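One chain, subunit A, appears in both complexes that follow, with subunit B as partner in the first and subunit C in the second.
And now, the complex of A and B:
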């Protein structure tokens, strides 16, 4: 149960993060003159750039979500970190370098440069907004969940805290800091996760060996101490071993007050607000869908109903979705040339790999120490509850506070990047594109995800993020891959593919998130990428072939520019000016990018439009 | 192909685009010329002959894991050390292979792609065509 100390620690952690973001902004505001800016970014070198990129990439899903999924589903959840890393590899091989040379700062920019069609640009804009919204939902949801788990506040409080910090940074024009500051964020997040995990591992080594090794037993996890669980929603629980406990509330539709006994391998419905009291050593009933026995938990393919299909679908979504995320594109420009950009990508893979070790290990620790979360299905809170349950006393408060601070850093930085991307395209392509519109657009960017969070989503954080990846993989991945590698692509084909694949993915994702489907359909639609990605590629190719006469006349020139020499596009500065690239200007003015490819006078114009 | 004419060979006449540089437009469109050049063909072939097989390989490697996990669960459940089984080792190897492929690509690009593309750049920007 939350107490006063938890509340204090949380407030301190959140304030510290808010202060950090403000100070970072203040520092970068001082180095805002262009030469300083270029110097600061270029001097940073690939190592700092890589940390900056990783720092931005690690969101709620990485921080809390993966620990939660490993805790619940076991080894199968390893696919998430593998997929996140592999997504970077796919991006490196297929699109990173050509996209860099295209000079596009947003995905709609790329579509217009490559295919020169305004209507296609609108389609792309719509999908940038949709993907951004989908990705924002788990960030706000995670913040709500954090404060709820630790201090018992309602969900909207955490979401509001993140929105306020991020909006303040955006409005004061200090949203993205220079590379070095951004790089620190990676190290903050890593520390916030690694220190508690190491402390817990040391603590764990001192435990009774029977308890320590209980994870390979062919038995469910068990409560290490007498535990009381109050359910905050209706759940369906499954047991693999007979279990006996005291319950107050509703079980299997009947009001209960007293001892309950459940047989081996049975399922039971337990009503909201029911309290269950378990003795120490009692086996843990787990929510339907989680892996019951510890020995199966350690084995792949034990999680969910159609594990093979779901796993393929997840892989496809993560592998191909990364390149299509709207906030990723700007990152191709942080390095001065292609060679250092490649080196940076390599380092990003290392940093991500190191980071993902910790959520994985903490999922394993959670299985030992906080099995009660399996009863109410609140598995995303595993990381937050770990030190509190395992350690107690002031070390628990300290480490708990550290994890909360890291989690909030993740929510705020991911949300900020996303809101800027969404607001950027909204203000240029939908609103007239003045600065005031950017502010209005910022509010619009928050509105839809907030509604989703308040309506309550039944999905885990990592699954929520995966939906954004699935839509990106079914819309922008085909556009980028075919646009870069196939000269036959036409605007009509691209639009058809995005609308068919991406559109279907959006519908599937909304139905899955609403939780209105039967379990079979839920499995298929919650991970739609395995159907929608091929559909998108196929319809793009078929329609392009039918509309051959619409292949742009200057396709050789564009493809040469994408594929051949670095910085050849520089000779074509004018072209960027012809684009509706105020998005680019906004992105530039607000970001840490070194902008050698746009003339300095343009940057100054862009900057003067911003408030002091 | 586009209806505006063959893309190989110089494009002249009304379809030729002026280059973006200042000064007089050259008689031949350097973009089309560069696109048709031997260097660009080399570059393209080298890139494709690396990227496509490598992509096929890493997809096969990922999907192999999934297939093994689905159809050979007993193999995946073999203990290696303590709680660590073959499945877990395979999972961690996926990270290693991702990193290995990325390293190979970076070396390949530095060694085989960069020199060719800088040659093309020099020729286009220096008006070699």
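And now, the complex of A and C:
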């Protein structure tokens, strides 16, 4: 159970991250004029920009979630990191270079540049907000879980800490750090994960071979030492080997205080606040939904109810969802041209490939060292508890602190980027644009995810993030792909596709997150992409065909601009300082000066019309 | 359709329909004719007014480039055809790479399902599924991305060179 040292280490880790964000913000805020900004970002080159993109992309799901899912579900969970990386491959093949040449800074920008329709812009805006909110939930949830696991604080404390750090950054006008600072984020996260994993692997090599090979056994994991588990919520446990333990609390609806025996292949309900005492060597009963036996855990296609359907749907969501995430797109603006955007994306794939080796290994280590987390189902905390259980003493504190710092860096950077995207869109397109409203909008951007977190979501972090990907894949992916490659797309078609595919995905995702469905429906609706993405594409094409007269007159010119080689100089020559996009202007302005200096109403904002 | 002709190795100019080649060649000839006509006017004027024509730089090589780029931007039929040919070429390239990726990814779970023994086979002490999904896919992605970048760059290079000639 948490002691004083854990609390100190956590406070130090969180303060260090807060300080880091403040200092980088200070540095970025000094870079004020447009030439400075361009110099700072363009001099960075694709290598730095790739690290910056990866740094922003690796959120709670990548840092804690994947390790937790691998720990719980085994090799099938590896489809998550595979999908997260494959998303950038799809982005490279269909979107990266043309999107950069379009000069769009946000997704609504792209819609307006390509189809010149204000109403479509609103639809896109709404989906940016929805996706941002869905993506924010796991960040806050992860923060709450981290502090709960390590220091036993209630969940809202961690969520509040992230909100305070991020809001402070935003209010003091230091939101989007320049590329180089953002690029360090990647290296911080990689170090915070790789160093503990290496130390643990070395430690593991010195262990008894019988223990090291216990993952091959056709048995559930077992407790390596006498363990006490207190449940913080009701759970249903599945038992694959007979187990005997002492319990105080409620088991199967009966008050219990004494020895309990469970038979092979049975299921039992254990009430909240019950404490279970296991002897060393006792098999671990695992929470319903996790894989019980180690040998099954090692084998593919063993996790969940419809493994094939679930795998494919996950793959569709992650493969096609990445390109539609609101915070990814703006980063590409740093690249000077389309060709550099492609090289940057290739480097992003390299960086992600390196990073994703570590959550996999740590999930595997967690199965050996922290099986007690399978009892209460807090599998997302696996990485955090690993050094504490495996090492003990000051190395545990040091490495534990490092992991916490990396995790908070992930929460804060992802949350800041998302809140800026959502608040920017809310304050410009939804609320009347004044300074006061940006602050109100920031609070509004936090409010909805906070309600979700407090209501308590039963989903794992990586699964929560996947919902955001599913909605992005069903709404913005068809818009981008068809918009870039098909001249027949119309504004009516785009809106219809986004509303049909994205709307249905949102409904499915909300039902899944509410956890009110039967297990079969839960599997299908928690991963709706395999149905909603084709629906979105289909309705977009069909409605566009029916409204052929609405194809923009200058479609050939726009497509040429998107695809012509950079050295012909046909791409729209818009520098950051000349951005006409409202969100772009505001994000840019805010990134360069303290908020108190900006009067948003003074920024002349016009819907840009192309010359006839 | 003969996909080879759309391949990244194909010369851009050779891929074009003969009609377009002819049209661009015509545009080029028009340009030359106009230029010659201009010179003739100049020499007539010379005889009358005794003015010297001063040539500061030869424009022969730059004229057609500007001409073709203008043609692209002005969306003449030639320009439109040129642009849509490039888009088609790039789209086919992206689709081919995507197809390769999707086929590989989709077949992995199917193979695991049909050959369950593969799940417990080990290479270098690691199980094949873990090796495949935890390690091998990333170099595969990087290889696909790298070869795509090369081909896409070459397509653009060829297009730009061809426009420039």
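Here, the second predicted complex is superposed on the first by the 573 of 612 C-alpha atoms of A that agree within 3 Å, B and C clash if a C-alpha of one lies under 4 Å from a C-alpha of the other, contacts with A are read in each partner's own complex, and residues count from 1 in each chain.
We adopt the following convention: a residue touches a chain if its C-beta (ideal position, glycine included) is under 8 Å from a C-beta of that chain, and two chains touch if they have at least 3 such contacts.
On a predicted model such as this, the values are computed, not experimentally measured, just so you know.
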Three-chain arrangement built on subunit A, subunit B and subunit C clash or fit: clash
In the superposed arrangement, does A:551 touch subunit B (first), subunit C (second), both or neither? first
With both complexes overlaid on chain A, does A:413 touch subunit B (first), subunit C (second), both or neither? neither
Touched partner set for A:312, first subunit B, second subunit C, both or neither: both
Just subunit B (first), just subunit C (second), both, or neither: which does A:379 touch? neither
Residues of subunit A contacting subunit B in one complex and subunit C in the other: 75, 78, 82, 85-86, 89-90, 92-94, 97, 298-301, 307-308, 311-312, 315, 319, 339, 342-343, 345-346, 349-350, 353, 356, 554, 556-557, 559-560, 563-568
So in the complex, the part of subunit A that touches subunit B is made up of which residues? 75, 78, 81-82, 85-86, 88-90, 92-94, 97, 213, 215-216, 298-301, 307-308, 311-312, 315, 319, 338-339, 342-343, 345-346, 349-350, 353, 356, 548-549, 551-557, 559-561, 563-568, 571-575
Okay, in this complex, where on subunit B does subunit A touch? 1-4, 7, 15, 17, 19-21, 29, 31-32, 34-35, 40, 43-44, 47, 51, 54-55, 58, 62-63, 65-66, 69-70, 73, 76-77, 82-83, 85, 87-88, 91, 94-95, 98-99, 101-103, 105-106, 109-110, 114, 117-118, 120-121, 124-125
Provide the residue numbers of subunit A that touch subunit C in the complex, in ascending order. 75, 78-79, 82, 85-86, 89-90, 92-94, 97, 298-301, 307-308, 311-312, 315, 319, 339, 342-343, 345-346, 349-350, 352-354, 356-357, 360, 485, 487, 554, 556-557, 559-560, 563-568, 570
Which positions of subunit C touch subunit A when the two form their complex? 69, 72-73, 75, 79-80, 83-84, 86-87, 90-91, 94, 97-98, 101, 105-106, 109-110, 112-113, 116, 119-120, 127, 129-130, 133-135, 137-139, 141-142, 144-146, 148-149, 152-153, 156-157, 159-160, 163
